[in-house]
Amino acid sequence: MKKIEAIIRKSKFDEVKEALHQIEVNFFSYWDVTGVGHEKQGHVYRGVSYSTSDIQRRFLSIVVSDPFLDITIDALIKSAYTGTIGDGKIFVSDVIESYRIRTGEKGSDALK
Amino acid sequence: MDANAVLDLMWIVICGILVFFMQAGFTLVETGFTRSKNTGNIIMKNIMDLCIGSLGFWAIGYTIMYGESIGTFIGKPTLFFDNKEDMHNLFFQTVFAATAATIVSGAVAGRTKFSTYLIFSFIMTVVIYPISGHWVWQGDGWLTKLGFIDFAGSTVVHSVGGWAALIGAILIGPRIGKYTNGKSNAIPGHNLLLGAFGIFILWLGWFGFNAGSELAISGDSANNVSGIIITTNLSAAAAAITAMFVTWISYGKPDISMTLNGALAGLVAITAGCAAVSPLGAFIIGIIAGVVVVFSIDFIDKKLKIDDPVGAISVHGVVGALGTLLVGVFATDGGLLYGGGFHQLGVQAVGVISIAAWAIGTSFIVLFTLKKTIGLRVSKVEEEDGLDIHEHDINVYNK
Amino acid sequence: MDANAVLDLMWIVICGILVFFMQAGFTLVETGFTRSKNTGNIIMKNIMDLCIGSLGFWAIGYTIMYGESIGTFIGKPTLFFDNKEDMHNLFFQTVFAATAATIVSGAVAGRTKFSTYLIFSFIMTVVIYPISGHWVWQGDGWLTKLGFIDFAGSTVVHSVGGWAALIGAILIGPRIGKYTNGKSNAIPGHNLLLGAFGIFILWLGWFGFNAGSELAISGDSANNVSGIIITTNLSAAAAAITAMFVTWISYGKPDISMTLNGALAGLVAITAGCAAVSPLGAFIIGIIAGVVVVFSIDFIDKKLKIDDPVGAISVHGVVGALGTLLVGVFATDGGLLYGGGFHQLGVQAVGVISIAAWAIGTSFIVLFTLKKTIGLRVSKVEEEDGLDIHEHDINVYNK
Amino acid sequence: MDANAVLDLMWIVICGILVFFMQAGFTLVETGFTRSKNTGNIIMKNIMDLCIGSLGFWAIGYTIMYGESIGTFIGKPTLFFDNKEDMHNLFFQTVFAATAATIVSGAVAGRTKFSTYLIFSFIMTVVIYPISGHWVWQGDGWLTKLGFIDFAGSTVVHSVGGWAALIGAILIGPRIGKYTNGKSNAIPGHNLLLGAFGIFILWLGWFGFNAGSELAISGDSANNVSGIIITTNLSAAAAAITAMFVTWISYGKPDISMTLNGALAGLVAITAGCAAVSPLGAFIIGIIAGVVVVFSIDFIDKKLKIDDPVGAISVHGVVGALGTLLVGVFATDGGLLYGGGFHQLGVQAVGVISIAAWAIGTSFIVLFTLKKTIGLRVSKVEEEDGLDIHEHDINVYNK
Amino acid sequence: MKKIEAIIRKSKFDEVKEALHQIEVNFFSYWDVTGVGHEKQGHVYRGVSYSTSDIQRRFLSIVVSDPFLDITIDALIKSAYTGTIGDGKIFVSDVIESYRIRTGEKGSDALK
Amino acid sequence: MKKIEAIIRKSKFDEVKEALHQIEVNFFSYWDVTGVGHEKQGHVYRGVSYSTSDIQRRFLSIVVSDPFLDITIDALIKSAYTGTIGDGKIFVSDVIESYRIRTGEKGSDALK
C-alpha cells in the first residue's frame, strides 16, 4: 500500500475529484494548507505592496493499494495541471498497514 | 413641558441612542481591521471606554465641560450630576465623550497593556476631552468667543481623539513585524466584513452625531436637521467613492479597506461644517477628504512609520482638522468661496491648532508618565501569542 | 415650523435612517447566502450602490422622480437638488432608491464584473427606478391617476429591483457548477448567521420603510402609522412561520435559509398594502407570501434554471408583484373580499404589469449593451478563485 | 390627534422598534456563547419566538394581559386584536412578550428539541407571561393594587423568563460532557465577538425597553424619559465594570464573557426601578448587580450543577428579582434608604415571590407534560453531531 | 518508531482521546479534514437535494515507539467504533527519526 | 528523499520560516493543528478552571532530498527552540517518489 500526498490548487479540486472518481478512487481525505513554493503573488494592502509565496492550497491524502498507484498519479497529474507555476506536488510513501475501524479489516481490504 | 420642548428633548435622546450605537461600530471596525488573536482585548477596550465614559462623564466630566466657565477655559466641576431637567444633554454628551476615547483604541491595537489603557481612557474622558470641549461648546469658551465653528466636533471630538491616537501610536511603538529592514509590512485585518458592517453602523450613528448636534428640532431647527442629514450623507458617499477611485488608480484595484476608511473620512470631514455648508459644498468636502485620507494613511505608514492598524490618526486627526479648516472655505455664510474672505479660515486655523496642541500635549504627558511607571506595552511573548490569551485568558473564536 | 410639521419631518428623517440601515441588512444577507471568496466584492457592491444612489439621486434622480410631471410620465429634472424645505424628503427617497438598486446585487452575486455593476447601479438609480416611480408616487403620474395603490413600494421598489435582478441573472448566466448535467446543484452560503442577522436588520428597517411612507405622523396619520407597524410585523411573522412549515413538510426539516426568505417575502408582500389592509388581512397576505416564495424559488431554480443565489427574484420580484395584486383583494376599502369587486384588482394588475414591462425592458437594454461592450462577467479563473482576490486583491477572512 | 398625543404614540413606536431589535441581540449573544454546531438551531428558535410572539400576542395574548380584568387576575380575552387606536401599544407589548420567551432559549441551548421549543414558546407568550403581567401592568391587577413597582419589567419580563429558563434547564438536563465526575467543565462559546456585539444591541434596545415603558414623552414625561435613559446607562456601565473587577480579582484576569453578562445584569437590575431611583441609586444598583451576577453564575453552575450556557437564569431570573427588591431600598419615594421604611420592600418581596411561584409552577407543568409526551431533548447522536445538521439539515458555516 | 494516522468521526474524538489516555498515549496532533469515502449524506438546501460523500472528520497523527503500536491501534479501533459506515481508517507507516525540539533528544526518547 | 514533519509553536513560525529561507529550503506546506503533549495550559472560563493539553500548533510538511536533511533538521531545531515545554517535535520519514505536477518531473528534480 502507498500513501499519495498531493498538494494542488484549490480551484482545481473539483476537476481532480472528478478524475479520481473516473478511475474509481473514491476514498481519500483532504484539508486546506498554505503552500510555500515558487509561485509568488503580489498584493497591495492599504497601499503597502508585498509579495507572498504563501498560497492557499488543498492537501489530499490518498492511500491506495500498489496496483492503483500509477493510474492514480497519472490521474492527479493530468487533472491538477494548468502549466503555470504553482500547480503543486505529489509525494508517495510506503504504508505498512491499514485498518478499517468499522470492520477491523486489515491490508488492502481495508481500502476498498 | 410644551410640545416643542418635548420634540427637542426627544430628538436629542434619539440621536444620543444612535451615537451610542457607534461604539459597536468602532468595535467592529477595530476588530475587523486587526488580527483575530487580539479580538477579545479590543472588545474589552471598547466596552470599557463606554463604561468608563458613562460613569466618568456623569461623575465629573460633564460639568468640567459644561459647568459655569472659569475664565473661558474650564467648567466649574460638580460631582455626580443630577439635574432632572438636563439629563438628555448629559446622555448626548456622554456618548460623545466615549467616542473621543474610543478613537485611540484603534491606533494602539494589538500591543497595549489593558490596565494602562483603562487609566488613559479615564483621563481622556474626564480631563483632556472636556476641557478643550469647553473652549468650543460651552458657550463662554474662548474659542466660541473667537467665532470658531465646529458644529458637531470634527475637531472637538475627532481630532482630539486622533491626536491622542497619534501620541499613543508613537509612544507605544509599532507592532512586532510591522516594520522590518526599514520597510512597512502589510498585516491584513482578520475580517473585513466586520469592518464593513462597522462602517454601516458608524454611518448610521453619524446621522445622530451631526443632526443631534443641532440640539433641537422644533421650529426653524427642523429644516436644519434635515439639511444636516443630507450634507452628512453626501460627504460620506463622495468620500467613499473618491477613496475607491484613488486606490483603483494608484494600486490597480478598488481597495476595500481604504474605501471603508474613505467613507469614515467623509463623515469626519463634514462633522464640523454639516450645518454651515451647502449640499454641493458637502459633496466637494467629501471628495477632498477621500483623497486626503488615502495619502495620509500612506504617508503616516510608509514615511513616518507610525503603526496605526485602523488608520485612526488619518481618519480622525488629519481629516478632522482638515474638515474644520474647510468650514472656513465652504461655509455659505462667511466662507472664503462665498466672499467671506480669510477671516473665518484664520479663526478655524487657530481653533484647530490650539486644540491639537492641547490634545497632543496632555496625552503626551499622561502617556509618557504611564510609560515610565506601569508601562504601555505588553511583553513580546504576549504580543506574539495575542493579547486575548494573556490579558483575558480566552480564545474569542472556538469550535 | 409648527409642532405638527416638525413631527412629520422628524418621523420621515427617523424612518429614513432606519431604511438606510437596511443597506447593512442586504449586505449581510447577500454575503451570508454566498461563498466566502466573494464576500469583499459583495461589500463593495453594496457600499457603492448606497454611495452612487446618494449622489445620483441628489444630483438628478430625485427630480426625475418628483419633479413637475412631464406628461404624467417623467419629472422635470433639475441638477443638484438644494431646496432647504425638502431635504427630509430627498433623504427618505434616496434610501429607497438605494434599496431598489441593491436588490439586483444579490441575484448576480459571485460572477459579475465590478465595473459593470457600478455602471448599471448608476443607471438603475437615476433612470430606471425614478421614472416608474414617478408614475405612482409623484401625484400626477399616470398610474396614480388610474387609482393604482402601492403604498410603500412592493412594486415601485421591490418588483422593479426584482425584475432587473431577473434580467441580470439571465444575461449573466449561472455560476460555474450551479447547473451540471441539467441538474441544479446546491451551493450553500458561507455563513447563515450573517443571513439571519441581516434579516433582523431588514425587518427592523422595514418598519421605517412602510410606516415612513405615510410621510407624516401628526394628526390622523398617527394611528395609521401604528397600524402599519402592526400589519408589517404580522405579515412578516406569518410568512416566516409558513415558509418554515412548507419546507418542513416538503423537505422533511424546517429549513433555515428558506425561513429567512419567508420573513423577507412577508415584508415585501405587505409593503404595497400595509396601510390598506386589516391585521387579519396582513396575516393572510403573509401566509400566502410564505407559501409562494418557497415554490417560486424552487421553480426559478429547478425549472427555469436561473441562478439567483439569494432568491432576490422570487422575494422581491414575484412576491412584490403578488403583494401589490393582493391589495386589490384585501384592501378594506375597495378590495374584492370587502365587496369592492374586481375594479381595484384590475387596476393593480395594470400597474404591476406595466411597471414589470418597464423594468424588464430597460434593464434588458442596459445590460445587453453592457454585455456587448465591456462585458458582464468575470473570467472563469477569476470566478473560480473568487472575485475578492481578483477584483479587489484581498482576502476578507484572515487569521 | 393633538401634538402631545402624537408625541407619545411616536415615542412608543420608536421604543418598540428598539426593543424589537433586542431579538437580534439575544440571538447573537446566545449563538456567540455556545458552540458553532448549534448556531442554526439558535437562529431558528429566536426567529420563531419572535414570530410566534407576534402572532400569538395579537391573536389573544395581548387581551389576556390588558383586557378588562377578571378578578384582578386575568384579562378578558378577545381574538385578533383590531383596535385602530391602540396599535402602538399592541406593538410595544408584543416585543416585550417576545423578549420574555426568548430568554428561555439561551438556558436550554444545545440540547432541546426544536418542535418542543416551539410549543413551549407559544404557551409562554400567550399564557404564562400575559397572566402574571396582568397582575402588575394592567392597572387593575392585584399586585398593582398592592403597590408593587416594576416599572419596565425586571420581574414581569426578565424574572418570568429567567425562572422558566431555570425549570427548562433542570428538566432538560445538562449538555453532554458539561458535568463529568461531579466536576463542571468549561464549554467555551464559539464566537465571543458575536456575544459582545449582541450586548451592544441589547444595551441599545434597553433604552427603548425602559424609557419606552414610560408610555409617554409629552409634558412631564419628557424629563422622566431622559432620567430613565441615564439611570439605565449608569447601571449597565457600573455593573459591567464591577463584574470585570470581580473576575479580575477572583480569577486573575478580566473575564470577557462575565463582563458582558455584567452589563446585561446591570440592565436587568435597573429595569424595575429605572424611573424610581436617582442616578446615584442606579450606579449602586449596577454595582450590586455586577457582583451578584458573577457569584450567581458560579453558584448555579458549580454548586447546583444546572447547565445554563449563557447565564440566563442568573442574569434574568436572579438579578431580575434582585433589581425588583432593590426598588424597595433605593426608590427616592418610599425606599428604605430614603426613609420609607420596610413597607415598599415588603411589597416588592410579595410581588417577586408570587410571580416566581407562578412562572416556576406553570412552566414546570408545561415542560413536564412535554417531557412525558413528545420529549424535551434530542438524542445523544443529534446532540453530539450538533442540532444544526439533525434538526435543520444544514451547516451554518461553510467555505 | 511508527506513525499512526487515524481518520475518525469528529463526534468520537472525546472517547478516542480518553482511550489513548488510558493506555498512556498522551502525545499526538490532530486537525479537521474532509473525508471522501463510502459514507454518503443526503441533504436538502433551499429545495435542492444533494448527496455528498464529503464528510467532516478528524485526523490524528500519532508517532509511537514500536512496542506501543499494537495497543494504540487496538485502543483506536475500539474507541472510534460505532459499526455504521463511515467509522474511518487507520494507516501505519515507518518513521526514521524523531526529535524533540526543546532538548534535541532523538529516537524514541523524543516521544516520551 | 525524506519528508520532515515539524510541529512547532505558532508564535515561532516566522523565525522558522526565515531560518529555512536562509538555508534555501523555500518549499513546504503548513497548516494549523491542535497538539496534545506535555505542555498544559490552565484557564478559567466563566469561573470554571480547567487545564488543557490541547494547544494550537503549526504543522510543517517539508520534503527534501537526502543531502538537505541534516541542515534542515538543524535549522528547524534552532529556530523553533525556546527551551520551555511545548517546543514541539520533528519526525522524519521516507518518500519513495515525488512529482511536480506542472512539468511531470520526478525524483529530487521535482523538489527544487
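A, B, C, D, E and F are the chain letters, set down in written order, and residue numbers restart from 1 in every chain.
Operating definition for what follows: a contact is a pair of C-beta atoms (placed from the backbone, for glycine too) under 8 Å apart; a residue touches a chain by one contact, two chains touch by 3 or more.
Computed from a predicted model, the values in this text were never measured in an experiment.
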Partner chains that subunit A and subunit F have in common: B, E
Pair sharing more residue contacts (C-beta pairs) when A-B is set against B-F: A-B
Mean-CA-position distance for subunit D and subunit A (Å): 51
Approximate Å spacing (C-alpha centroids) for the pair subunit E, subunit F: 19
Where subunit A and subunit C are represented by their mean Cα positions, the distance between them in whole Å: 44
Sites on subunit D at which at least two other chains make contact: 3, 7, 14, 188, 251-253, 255, 257, 393-394
Residues of subunit E touching at least two other chains: 31, 43-45, 93-94
Chain-chain contacts as defined at top: A-B, A-C, A-E, A-F, B-C, B-D, B-F, C-D, C-E, D-E, D-F, E-F
Complex interface listing, subunit F residues touching subunit A: 1, 3, 17, 26-31, 61, 63, 93-102, 104, 110-111
Subunit D-facing residues of subunit B, complex: 1, 3, 5-7, 9-10, 13-14, 16-17, 20-21, 23-24, 27-28, 31, 39-40, 43-44, 47-48, 50-52, 54-55, 58, 80-82, 84-85, 87-88, 90-91, 94, 114, 194, 391-399
Contacting residues of subunit E [partner subunit A, same complex]: 2, 5-8, 31-38, 53, 57, 59, 73, 76-77, 80-94
Residues of subunit C that touch subunit D when the two form their complex: 3-4, 7, 11, 14, 18, 35-37, 188-193, 196-197, 199-201, 203-204, 207-208, 211, 217-220, 222-223, 225-227, 229-230, 233-234, 236-238, 240-241, 244, 251-257, 259-260, 263, 278-280, 283
Footprint of subunit C on subunit E - complex, ascending: 43-50
